[in-house]
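Some structures to go through are shown next.
Two complexes follow with chain A in common, the first pairing it with chain B and the second with chain C.
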Partner chain A sequence: MKRCFLLVGLPLLATALIGAGNLPRRGGAYHYTLGPSDPPSLDPVHITDTVSHAVVSELFDGLVAFDHTLKIRPAIARRWVISTDGRTYTFELRPDVKFHNGRTVTADDFRFSFEHLLNPETRSERTWILEKLLGARKFMAGKATSVRGIHVRGPHTLELTLERPFVPFLALLAYPAASVVPREAVKRWGRQFSSHPIGTGPFRFREWHHDDRVVVEANRDYFQGSPYLDQIVFRVIPDAMTRFQEFKAGNLDHTDIPTGLFRVIQNDPSLSSMLAARSSMGINAIQFNLEKSPFRGNRRLRQAFNYAVDKTAIAQVILEGRVLPARSVLPPGLLGHDPKLHGYPHDKEKARRLLAEAGYEGGRGLPAVTLYYNTGLVNRKIAEFVQGTLRDIGVMIALRELDWPAYLNLLDRGEAQLFRLGWLADYPDPENFLTVLFHSRNVGSKGNLSRYANPRVDALLDRADESLDTSERARLYHEAEKIILADAPWIFLHYYSTDVLIQPWVKGLREQISAMDSAPTLGMVRMRTVWLDK
Partner chain B sequence: MSRYLAGRIGQAIPVLFGVTLITFLLTHIALGDPVRAMMGQRADPEVMARIRTEYGLDKPVWDRYTLYMAKVLVGDLGYSYRQDRPVTDVVAERLPATVRLAVAAMLVAMVLGLAAGTVAAMRHNTLWDLCMMILSLLGISTPVFWLGMMLILFFAVWLGWFPISGYGDGAFRHLVLPALTLGALQAGYIARMTRSALLEVLRQEYIRTARAKGLREGVVILKHGLRNGILPVLTLAGIGLGDLLVGAPLTETVFGWPGLGRLLVAAVGNRDLPVVMGATLLFALIYLGANLLVDLGYALVDPRVRLLKR
Partner chain C sequence: MSPVSERRASRPYTVEFLRRWSRRPAITLGSIILLLFTVAALLSPLLSPYDPYQIPEGLAAVSLLSPRPGHWFGTDLLGRDLLSRILSGARVSLLVGVVVELVVTPIGVAIGLFAGYFGGRIDSVLMRITDAVMAFPGLVLAIALTAVLERSGLLSVIVVLAAVRWTTVARIVRGQVLSLREAEYITAISALGAGKGRIIFRHLLPNCLAVILVAMSFGVASNILSEAGLSFLGLGVQPPTVSWGSLLAEGIVYLTVKPWLCIFPGLAITCAVLGFHVLGDGLRDILDPRLRS
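For the complex of A and B:
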């Protein structure tokens, strides 16, 4: 009998014990840092930042959502059909989805929510999410009372028609601005809906103490299943070192890493085991203004600058090895990214030769150049490093720092010759990088701030944007990217990364961090499946 | 007294008017386009133009100012561009945290500053004097950011006596470290002012008389010395309290304290012009109030000052 127990009972007991440890536990409050700033808004139509996104994505749902691999998965839409011409999307909605006020969501709620976003009176900053719908521009201009491209085909059937095919449209619908909101609450609260957000999400709003914390609690009736956590306390802690100390004291369940501490953490046996680091879909660059002298029409000069700057040193020294040096526009993991592209590796001799061919041998005769950057320790370090490396080939540049709004205004006006600017993906599609940042129709505040204009690239991007064939799109985008790279409208510095510290008792978070997350907000992570093992 | 108060309030009106005019012109001309700041990096010029029209930002500055003042006169400070809430709500909800921290910091500063200054004056030209003055100099010159972080490391992380950061609904434990950090700077100024004022007073004949009468040294210092020497300290403390009430962005940043200082800095950074205007107007009121309190305090402390005779 004893032997029988040892043979059968012990392994069963062990399995049960180990298994129990792995089973998700319900309960507990997750202490989540939003970083330095209070969310500007909790109204989905006004979300432009990652801080608000982190909270809003727990309170609201749209038709579709991203999974951690950034593939589109169903959310309120159970399934959908795309017409063969790629213009019409028919969504079948789940009938069991309820707002936090108890009312069932219907297709008409989506029509209201989408028209609310596009309505000029709403003053939404994110109208571009839905402006590709048929008749959206007319509606936004006040020339139509409804959007022609939105049809309610039944209580739970919604049809959306686009002006022209646009493959990333589903990705746009996963954006928080395309969430469904209850008409009665929006009408009741008006502009103050942000302080009384009601959605369908896995958590419902409880309280918001501005500049201190936002508290949300579990929605036990959530249509995809109740969250494990009882509540999430989103804390606003302005100083990175204070956040780090709060994390070390166990008061935060995850946090970002203060500048300058990445190597220290990597070398600390305890902290390094809590580190979660991955590359993200974003690129940092120094951009040339192609409408301004001396960079206008002088490709060799731009290439010389590119070869002069040591991107590996920036990645390894200034950014402590957190990031990869950029070799092209499209970051790894994005459709069309080509690991064989080499960009402009550091080569001082080549830089000097190109500078001479550009007409400025040894930097002589080069007009005064100022490199602008927006306030930030890392930005300043990079700017000073670039200034130093360019001095090595005889080019002297001045530096000027501005705060973000003044900086954007300056870039919009096209007054900066040379400026630092990064880009993080709004959605995981090459269109969001190449078309937005390099198509001539987007020159200026729409995204193309380097004012790059190449008809060949425009034509390739137009074809790629409208193509329904994935491999064809990849090929066209790749071709466009090669031309852009050769034209050198930017100094391609580095891709971005997301680095966070996660407490050992937090389960289900680390594996969800996607390439579109940023630290510490992790807005793409679904907190519904996160649980605490303590 | 009531005539004096009415006169002071009458004087405040043109000051407040001037503050609104200068602040409005500065914010609307120097800070630039608030809509661009709201839009994020990718912004459609047509949408921005529509939003500017909605906010009335396409009107000339003078028209905007007259419209703004018409609303201010009926108590409407407008809506925050960023938070889409009334500015009065945005500012009012920061006041409790700000007042709590300012008063606590001023208490710390008065207790530490008066004690250090008195000890230094009583032990003039001794090691005590030197130590107190070095400490006051440290209080004045230590960066708030560094001091706050050191206090966090020692008292919160190592000893675990206080929380590291956060408001904690105003709990006393959350208040101690920010108040110490903020109070240290003011304590330094008050200590130095107390010392010099007391040294001046202690040379007076009536102090010699008090000592000759055989009064205890404590009574001489507290009753005859400090009471006569406290007027300049009171002025300093009054202005200091005004400074503390308009917020202390660095201390608030280190401790994650949701006060007016952080609000204003963020509002300037985000070009939230209605909040900048509303907060500045409140700050002007606070300074005017603090100055009035100091003047009223003079009359209470010094019988030679009579408000009605002014």
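For the complex of A and C:
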């Protein structure tokens, strides 16, 4: 009897262990969805969107990378030293990193890649990532043949020098645009490099059927270890409902959640166990154009609008409780975020009073105002809601919907009076919110579309951006944020969230979703450590 | 034979028309449906139990209610009464349907009459233009035109649909004129020295009225559907104005969980379209002399 028990018991025990997910399993294809759009490019220097990011980050590496807590971790750089003045970064590269074509990566490849990014002929949209390097602007203007701040100290030692200290610089280097690319392939393909991407990443490019799929396969020689998956199929599926149905049929390993189904999924026992939801570093807002009447120079009017709009109702009803109503500019999780700020809680009486003090009692005399928004069900509902609630305090506004390219064009030209626009972190630092969005030097398409200009805020931001002391930076940003909040250049609506459904057999994905991811692209997630238990 | 040539019949034409009307229950049904819709649309501010645009306080408690006493069709995401919104949408949908037809009928009739009567080069040119417009799928052309107009709203919907729709009327009238032109009574009045204008407006046009009326009835139905299609795609009326198509578009995301948000606007579209079709069919039956017993 004992013998028999043992014979049966051992395999059972082994099955139980594997079943519990202790041993990652190799093999299989991961069915990924990029959402509705084809990647605009797979060339790292031309990537500005989350869709391309998701694919490219599996094909390429830079000096450093983000981990899922958004801390910087080594990638091709094994270690680095930052000089005491905060301007010089010396990176020691791993000697064992190879491009997909077999050639070993050296420090000179980084010099080439960075100069390629900054070269005006490349026409990269992401030059700002390296603009802070010493001599970068001169090089971009064609007044220098090389960038002074890039120095190759040895085959595997790279030194980067900045014009002036900038604490989030390492975060910029974690961007796909700062990836290393092989000079021979870039020279050979030119603009076509996007269709023949060669990097050092854990996956290598296999094929791209436009508007349908991108297929990448495992790079078994990857310097941090081979991925578990054999390949990833990135599928383009225009309709959210179709993606959801494909997920339910088991044809997608994760997907986003169609508008209107979040509560249903939460209440469904089997679907809710597949739900991964988390807050993300972003804020949605309706922005006033501070150079246009009637909002120019009328803070009380802007505050009245802010008090009139019930952000909790937007978060709870329109966004189905996925998100938190905004009470500040900086979202939770970001340096300087202060949970004690209370923003503009819904208060109709206060709104009416401020409207009267602004010179438009009961909305009388207020010139015509149009609220612009880009196509999208949630955007439209928010616009209708804002229109409806402003009507309650006597303010009549018109709505106008435009599709994304036309919309951005209109905003860049500064022609919209009132418009919806959100902001997602490019890197987890308050500079990326406050300076980009509210510094007067960035008025216009650089980010400050509400055209906010306040010398006190500018001065605080300048000091904070250059400071090396984290607690001082937090204090300065916080001070600037309080002034911005009081000036009410936006109606602060809600912070963003990332919500996906993940199949039960997918392991190692859920815990990697970070505050800078968006659904369904999950661009920050690294697929190397993901495996399929089926 | 044609209705006009039967003026000598024992009863006046209108009496004959009404007698035939009363013998066809389908046409009565169609008329009743349309009458109801018209009354609902005209009196929607009085009939609506709620303000169709008012977003109630305490939104969370009234959002997406299922149909129940007080909210017979339920409420939408922003807590607005769906019945009131459908009544309000009826105004837009019917208005677009009828106005477009009123705009295109004179244009289409004129083109059809001239092309059919004069034939030859005039006919070729006019009909090739018509063919060119008809060669595009109507909705696709409408979408393209909306993009060109760079704005969407009630007026642009009417313009766009009219630009697509006139071809049908022109074709039908031309076909009718082509056959009438060869009729003996036309040859006869022509021989008696009647001028072109007299022949076209006194003889051809009245004889085309039957087909024009039928075409208009089907046309209104088709316009209601096209408007719904455009609004469904977000190219129609802009919020807060509602039409049945935009209500349908709002409801579609909830199709599997809150189906009433689609069912009621969908039913409204179906009933109105059915009403105009039944009316059109009935009109054809009683107006077409060849179908007379």
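Of note:
The definition used in the following text is that the second predicted complex is superposed on the first by the 513 of 534 C-alpha atoms of A that agree within 3 Å, B and C clash if a C-alpha of one lies under 4 Å from a C-alpha of the other, contacts with A are read in each partner's own complex, and residues count from 1 in each chain.
Note that a contact is a pair of C-beta atoms (placed from the backbone, for glycine too) under 8 Å apart; a residue touches a chain by one contact, two chains touch by 3 or more.
Owing to the predicted nature of the structure, the values given are computational and were not obtained by experimental measurement.
When both complexes are superposed on chain A, chain B and chain C end up sitting side by side without clashing. In the superposition on chain A, A:M241 contacts both chain B and chain C.
By the touch criterion stated above, A:V436 is placed in contact with chain B alone, chain C being left untouched. With both structures placed on the common chain, the touch criterion links A:D85 to neither chain B nor chain C. Chain A has more of its residues touched by B than by the other of chain B and chain C.
By the touch criterion defined above, A:L261 reaches chain C but does not reach chain B. In the superposed model, the angle subtended at the C-alpha centre of chain A by the C-alpha centres of chain B and chain C comes to 30 degrees, rounded to the nearest 10.
Residue contacts after overlaying the shared chain place A:E207 against neither chain B nor chain C. In the superposed model, A:E472 makes contact with neither chain B nor chain C. Minimum Cα-Cα distance between chain B and chain C in the superposed model: 6 Å. On chain A, the surface patch touched by chain B in one complex and by chain C in the other comprises residues 241. Residue ranges of chain B in contact with chain A, taken from their complex: 31-34, 36-48, 50-51, 54-55, 79, 82-85, 90, 93-94, 149, 152-153, 156-157, 163-167, 252-256, 258, 262-263, 266, 269-271.
For chain C in complex with chain A, the residues that touch the partner chain are 53-55, 59-60, 63, 77-79, 152, 234, 238-240, 250, 253-254, 256-258. Per the touch definition, chain A reaches chain B in the complex via residues 37-38, 40-41, 43, 46, 48-49, 120-121, 123-125, 127-128, 131, 140, 191-192, 194-195, 209-213, 235-239, 241-242, 245-246, 248-249, 251, 403-406, 408-409, 412, 421, 423, 426, 436, 444-447. Of all residues in chain A, only 241, 258-261, 264, 310, 313, 316-318, 375, 377, 380-381, 383-385, 387-389, 391, 399-401 touch chain C in the complex they form.
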